[in-house]
Amino acid sequence: MSIQSINVRNQFRGKVKEIISGPVVSEIDVETPHGIVTSVVTSRSVRDLGLQVGTEVIALVKSTEVAIAKV
Amino acid sequence: MSIQSINVRNQFRGKVKEIISGPVVSEIDVETPHGIVTSVVTSRSVRDLGLQVGTEVIALVKSTEVAIAKV
Amino acid sequence: MSIQSINVRNQFRGKVKEIISGPVVSEIDVETPHGIVTSVVTSRSVRDLGLQVGTEVIALVKSTEVAIAKV
Amino acid sequence: MSIQSINVRNQFRGKVKEIISGPVVSEIDVETPHGIVTSVVTSRSVRDLGLQVGTEVIALVKSTEVAIAKV
Amino acid sequence: MSIQSINVRNQFRGKVKEIISGPVVSEIDVETPHGIVTSVVTSRSVRDLGLQVGTEVIALVKSTEVAIAKV
Amino acid sequence: MSIQSINVRNQFRGKVKEIISGPVVSEIDVETPHGIVTSVVTSRSVRDLGLQVGTEVIALVKSTEVAIAKV
């Protein structure tokens, strides 16, 4: 089902650079202009989405999940 | 307490661009070299950290919180 | 930007039944065929998406956010 | 310890349909009236709760974890 | 509905010490034997659970939500 | 990069008691005055931080991730 727009404010567009596969979850490293954004998703989703190195994706993060640190 | 390093893989360095204050939570918009990253934190944390427009911060996101969409 | 598909496994389609607005975040109650699903998003997202009572939406939840209790 | 009630607004009652076990986390697929709800929990929790195919459970999701997309 | 047990591994028992109420979400500060644990929940949940200063509660956190920092 | 302070209100200081390693994520059990706090992080982070049994750490939890149950 195609989604027109999503409330998730933080969207990082890029290409899958690396996939580390596990039996239940996999790590997806996405190369974006911000640098590498790392995601952990179910391995089933990786298969369902047909993700592989080079696939164009958006990494999405809800604002309530973002912490702030002072440097 | 100073923190030496943190497991949170996704770190976006920038400056606070805007703060929208509420009675319980506040929205912090962080200007990074590659776009705005938005965070919602408790208003108490905003006061405790002394956040204001221009403060240098890092926005942090745990990998398990990052979703992946295909474009 | 249109999204072709998303890794988020849990998707609940419905219509917005009620919006409780706050200065920073808003509660969105989505009426689905099997009950209400409640979401808290930034009020800015509510405006950006143009959400109002009756809007057709999908509520999405990452699998890592779902807890399991025994009854 | 028995819990009388919980603030988690989104509760999906159902039966465990499938468990995909890993060394650290496991995927639990719960058959509910909404369709399958998927959860990733620690494999230790699966053992502690004694979850198996057919166990009656509630899948719980905090409202702040629910994203909204327009269709 | 009474819950027999929950997969959430991190449980902090205590008494509500303070409630900061907002139109959509509220901050609940729970006094535990080893310090304050802070939670942000919907204000509707605060009313539904009948939370007030002194109420005995458990603060619960999914393991996937816990970050680790080195000191 | 050293972090001066972080908005995450819930901080549990302790020592790593056990690490259960997986190919993608690992479970870290931290012994704190509150009891054991359990975290699931990427195995890559475990290596990057050099975590091992006995390492002094802080387990951090955002307030929006804390649920409240009545006992």
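Chains: A, B, C, D, E and F, in written order; residue numbering restarts at 1 for each.
Note that in this section a contact is a pair of C-beta atoms (placed from the backbone, for glycine too) under 8 Å apart; a residue touches a chain by one contact, two chains touch by 3 or more.
Remember, it's a predicted structure, so these values are computed and weren't measured experimentally.
Visitor: Taking each chain's centre as the mean of its C-alpha atoms, which one ends up farthest from the centre of chain B?
Guide: D
Visitor: If you tally the C-beta contacts, which comes out ahead, B-E or C-D?
Guide: Taking the two pairs in turn, the one with more contacts turns out to be C-D.
Visitor: Starting from the mean Cα coordinates of chain A and chain C, work out the distance between those two points in Å.
Guide: Comparing mean C-alpha positions, chain C is 19 Å from chain A.
Visitor: Taking each chain's centre as the mean of its CA atoms, how far is chain C from chain E in angstrom?
Guide: 22
Visitor: Residue numbers in chain B touching 2 or more other chains?
Guide: 1-9, 22-23, 25, 27, 38, 40-42, 44-45, 49, 58, 60, 62-65, 67-71
Visitor: Which residues of chain E touch chain D in the complex?
Guide: Going by the criterion above, the answer is residues 1-9, 11, 25, 40-42, 44-46, 48-49, 58, 60, 62-64.
Visitor: Show me the residue ranges of chain E that touch chain B in the complex, using the header's touch definition.
Guide: 20-23, 25-27, 38, 40, 64-65, 67-71
Visitor: Which positions of chain B touch chain A when the two form their complex?
Guide: That would be residues 3, 6, 8-10, 12-13, 27-28, 30, 32-35, 37-41, 45, 49-51, 55-71 of chain B.
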